[in-house]
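Below are the structure tokens for one structure; questions will follow.
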Amino acid sequence: MLTPRQLYETVLRMRLLEEGVGVAVQTGEIHGEMHLGIGQEMVSAVMGQYLQPRDALVSTHRPHLHALVKGVDPVQMLAELLERDGLNHGKGGHMHLFDPVASFMCTGIVGSGAPIAAGYALHRKLVAQGGLTVAVVGEGAMNQGAVFETMNLAAVLSLPMVFLCENNDYGISVPRRLSTAGQLVERGAGFGINGWECDGVDQRALDEAFSAAFADTRKHSRPTLIVAHVYRFRGHYEGDTDHYRPAEEKETAFRDRDPLLVARRDLVGAGWSDERIVALDGEIGREVSDWFEAARSLPFPDPSEARRGTFVDV
Amino acid sequence: MCESAGASDRRTGAHLVAAVLMEEMRRDEGIVVFGEDVGALGGVFGATRRLQREFGDTRVFDTPISETAFVGMAIGAAQAGLRPIVEIMFVDFIGVCFDQVLNQMAKNHYMSGGRVRVPLVMRTAVGSIGSAAQHSQVLSATFAHIPGIKVLFPATPGDLRGLLVAAIRSDDPVVFLEHKWLLKSRLVELPFNDADSPDSPVEPAAVGKVRRIRDGSDVTIIASGWMVQQAVVAARELETADISAGIVDIRSLVPLDREGLASEALRAPCALIVDEDFAGFGTTGEVMASIAERIPGEVRMARHALDVSQPAALVLEEQVVPSARSIALQAKRLLRA
Amino acid sequence: MLTPRQLYETVLRMRLLEEGVGVAVQTGEIHGEMHLGIGQEMVSAVMGQYLQPRDALVSTHRPHLHALVKGVDPVQMLAELLERDGLNHGKGGHMHLFDPVASFMCTGIVGSGAPIAAGYALHRKLVAQGGLTVAVVGEGAMNQGAVFETMNLAAVLSLPMVFLCENNDYGISVPRRLSTAGQLVERGAGFGINGWECDGVDQRALDEAFSAAFADTRKHSRPTLIVAHVYRFRGHYEGDTDHYRPAEEKETAFRDRDPLLVARRDLVGAGWSDERIVALDGEIGREVSDWFEAARSLPFPDPSEARRGTFVDV
Amino acid sequence: MCESAGASDRRTGAHLVAAVLMEEMRRDEGIVVFGEDVGALGGVFGATRRLQREFGDTRVFDTPISETAFVGMAIGAAQAGLRPIVEIMFVDFIGVCFDQVLNQMAKNHYMSGGRVRVPLVMRTAVGSIGSAAQHSQVLSATFAHIPGIKVLFPATPGDLRGLLVAAIRSDDPVVFLEHKWLLKSRLVELPFNDADSPDSPVEPAAVGKVRRIRDGSDVTIIASGWMVQQAVVAARELETADISAGIVDIRSLVPLDREGLASEALRAPCALIVDEDFAGFGTTGEVMASIAERIPGEVRMARHALDVSQPAALVLEEQVVPSARSIALQAKRLLRA
């Protein structure tokens, strides 16, 4: 389990990164849609402990936190988000980050990452044994055919693959109860896939789920499912007026389900004084702003880049 | 003029769509509207705003993120007697439900020997607004290459209303492409705004007829959707260089007004075919071929369309997505050639 | 429950129809792929009792038996299969039978009928209450995303819809164990859909499942799932050499799981003499051959039909 | 000549495909083959016969009827370092997994800024064999309209081998269209059989080059896939009417040899573009446009392609699917015009 300090640091780093990205949207530095993971940090923070370099992770339209814990270079990623000559030379952008070194990718099509994750898992199974693949999905994505098909395929082929469902109760404006029948964690049962459900702002619960699921998948080379319950603190995308969620619901969540506040509470519980925390805040703050600075110092992609790379050959 | 008209008019294309849907739903009880976020939110672009409040959640409702299931549901409901209007939020998502479009929606009327009808409208947002390759596509030719669906692509506020009404009242399945800039732009700020009185009762527009947007004797710019608006700006710029550019709006990809294209093209010695969809095996080729087989050699033609996927960074997107500037440039090049 | 005579008659009618179609493939009267339902008759025979005219049914690439019990005119259907000016003027053919009067249709794309069935169910729910829709799928189709999505959609919208899975253990050559994880009947559970599993050559078991599921769906306007276990007696399509199924497996099934033999046994059990059965055989035989004769007396479609009907308007 | 050659040679195109796969799998351990019924059965057309026996069921295996899942799996596996060859039994089924093709397979290399590669081959059977609208499509232009995938369409036994090897060794995703008649026909009975020694080691064919199949001075027939074989028969028939018809095989839709098309077309005063895919917004338009923009007015062109969905009854199918007879007829019409 992460120490209180480790957890706090990790969550704070994520928070500051996402906030900085949000600002860059407001200032017009970033165009297009932007989905932030604020409120969902603890899930990735805890998962980070169980990920190995040989594992692969396929993320969603809300990918930054997963990228960070999977080892994607934050400066390269930020440069890509900031439309610089970054991780993918400005051609992927926020929803299409590809890092073959970290075995990380994501896709902007809901649910479509899961089948691809199965491909990484097949590779692990056939030629890179011991590694596994994580397919991240939102609870909304759990209604997409691709995800079901992949669960069955992974089960029938015994692929080493963890399905991580970040359940924030909304797919854009649509609340889960209007879109999703039954219990998410039971959706694996029809395929004989074991599932773990947990509170996504409870470090211990997350730890239990991740350690059990990852161990099961690694040991038996078979799929598992984790459903972690979180709240999305921002609108679906930056600029979303977010009128569809009741003010009260939001207030409660902001108060009780903020991973940063929870982690901070643990830090205080572990005996950290206010000053020490402020000092740590400053340290992490500098680290993250250095990332931004480094990313911003990178050039914009060369215009010729736009027409390059449709094919490898030719 | 109505009270909200004039420069202070904040209405966008999305308002027009919502108003048409409202009016048509009042007229025809069989119309049901569903899709992701079309209910309480009123659509991510606001094009279904207030509908659920007005008609309740049995006629206007949100769906799971299950495009295959709900597009198929629209097809079945249409065959059973309803008139569904279904929204695919971004056209880029069509891949996850493409079988329902390709093999069911488009073919059931034909395969049934005319015994079933599939009167549905699939509205979907298209075009580049800085969101990279999976949220910027147009895919107009992908649909137009399928026998059995009509494909309408309004370029102007007037057509956004008129073609939508025509789509809704058609007994055939219609894919209705709404350009994001048309949905989002204030009408009064559009280069070409033909919605002088957006509150007047809507008349269905004639489907399958090109429309001349502008006369011109040096070059004819043939385009659809947002590219028509861009062409209007380009034509003004060309005018300052003493080049007279006509503009023809395709409007309806299926049925395509091939005769109209050829006769319009005859009005100038050159034609520039502009498209925001990918160039290869697409609309530019079809338009050029339609002209070439009718009036071979009479008009010098060139095309200007997207030739790669859409890159994420705006500085790169601007390199590849046709715009007023690039249209003017290409027109000049064609004239010089 | 159908009387032994009713069951036998119905199964025999289906058998003779399918056999006649098989012959027409061999003689070259029918071109293209042909999937027969021989061996699976009892499922449709029993379902027939529970179907009402206001119900709709969406079938698969193996549709004839469902069409028959749903009230599609057999002569019109046969004419269509025989490439005559039939039910759909020769444009649909065997896998694309559409009868709006009987509220019947089918599709040749595996799994793609389920979403359309949901549309008929939506119509029933909104404007034709009391009716329901049956979506037929094979067990192979149960791995297609469309089917899962539709289960969730039907559950969340409370659509009056029965999913009927005819489990014949093979999708073409692929045995269920290689393609399908978990238990089919449990696949509804993740959506809160009740399921019934039964032996598809056991009339009583079928009756229990159909009566319970149809009643549940009709009463509560909600989806249910029936999985009926059958054996496909022919190759996947006419012409399939069918080497992939063990000879022994086939022999056992032919002996023990033939709906016609089972129904005949019941008839004998109910006191029918051989002569009476032979007489009945003759009667049904004449009925079915009259269908074929009537179908064959219809003209071929007019060549101009080919280019008609892409659109209603225009 | 090998023992099985000659008139008694029962080998079909499917045998050639299987032999190429066998050879390539021996050469490259990274190749895995999966799809529906490709294992024990060896493919519904027999194009993967004996592979599972040879390489075991970790390298050759059956999948559930879950095209989205297994095509996606192929993409991920390719990105991770394997070289998957995946089969979509009939191209008509592509709709159920179209997102994986449109938004992932095609775009990942580009979107990644070149950082990932997707070396996979998607083999799929196309064309009319009397099985109606959902089992007869070609959809070549549907793929060709997507930036980022190569689309190869062999017309002859030689290309079935040579292009397949080229596809397998390419580092890009390739859609490989196998016409059912080419898979099913005995090679020795084909109108045009260039596989004189089908047992010789296979050389990768040059991708992106048209091929002249026949010289002719009156009309050039430009076609792909099975239509090339039909054109050969048509050309013979035309010869008896003293018409000299050349034939150009497109072979590779993407990359398309636009220059080659134009220069080949120049060899006769007319060109007939033939396609088994749906006509509208398809290959015929792209070919005509490519010629028209290069040599405007030099060649009189017409197209002959499917203009509706495929009807079920053979008597109707024959009305609409181009054949040797209809090609000859259209060529004569073009010459008379």
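Note that the chains are named A, B, C and D in the order they appear, and that numbering of residues resets to 1 at the start of each chain.
Assume a residue touches a chain if its C-beta (ideal position, glycine included) is under 8 Å from a C-beta of that chain, and two chains touch if they have at least 3 such contacts.
Everything quoted here is computed from the prediction, not taken from an experiment.
Note: the chain lying farthest from subunit A is C, by mean C-alpha position.
Between the CA-based centres of subunit A and subunit D the separation comes to 41 Å, rounded to the whole angstrom.
With centres taken as mean Cα positions, subunit D sits 32 Å from subunit B. Centre-to-centre spacing of subunit C and subunit D amounts to 35 Å, using the average Cα coordinate of each chain. Those residues of subunit D in touch with two or more other chains are numbered 63-64, 66, 68-69, 92-93, 95-96, 99-100, 103, 107, 110-111, 132-134, 147-148, 307-309, 311-312.
Residue positions 88, 90-92, 96, 107-109, 112, 143-146, 149, 152-153, 156, 178-180, 305, 310 of subunit A each touch two or more of the other chains. Under the stated contact rule, the graph of chain-to-chain touches is complete, every pair of chains being in contact. Subunit D makes touch with subunit C in their complex at residues 36-37, 39-41, 44, 62-66, 68-69, 92-93, 95-96, 129-135, 307-309, 311-317, 319-320. Here subunit A touches subunit B in the complex through residues 31-33, 80, 83-84, 88, 90-96, 107-112, 140-141, 143-146, 171-174, 178-180, 244, 300-301, 303, 305-307, 310, going by the rule given at the top. Every residue of subunit A that touches subunit D in the complex is listed here, in rising order: 56, 58, 87-92, 96, 98-100, 103, 105, 107-109, 112, 114-124, 126-128, 133, 145-146, 149-150, 152-153, 156-157, 305, 308-314.
By the touch criterion given at the top, residues 143-146, 148-149, 151-153, 155-156, 178-183, 186-193 of subunit C touch subunit A in their complex.
The residues of subunit D lying in touch with subunit A in their complex are 32, 58, 61, 63-64, 66, 68-82, 84, 99-100, 103-104, 107-117, 119, 147-148, 150, 170-172, 207-208, 255.
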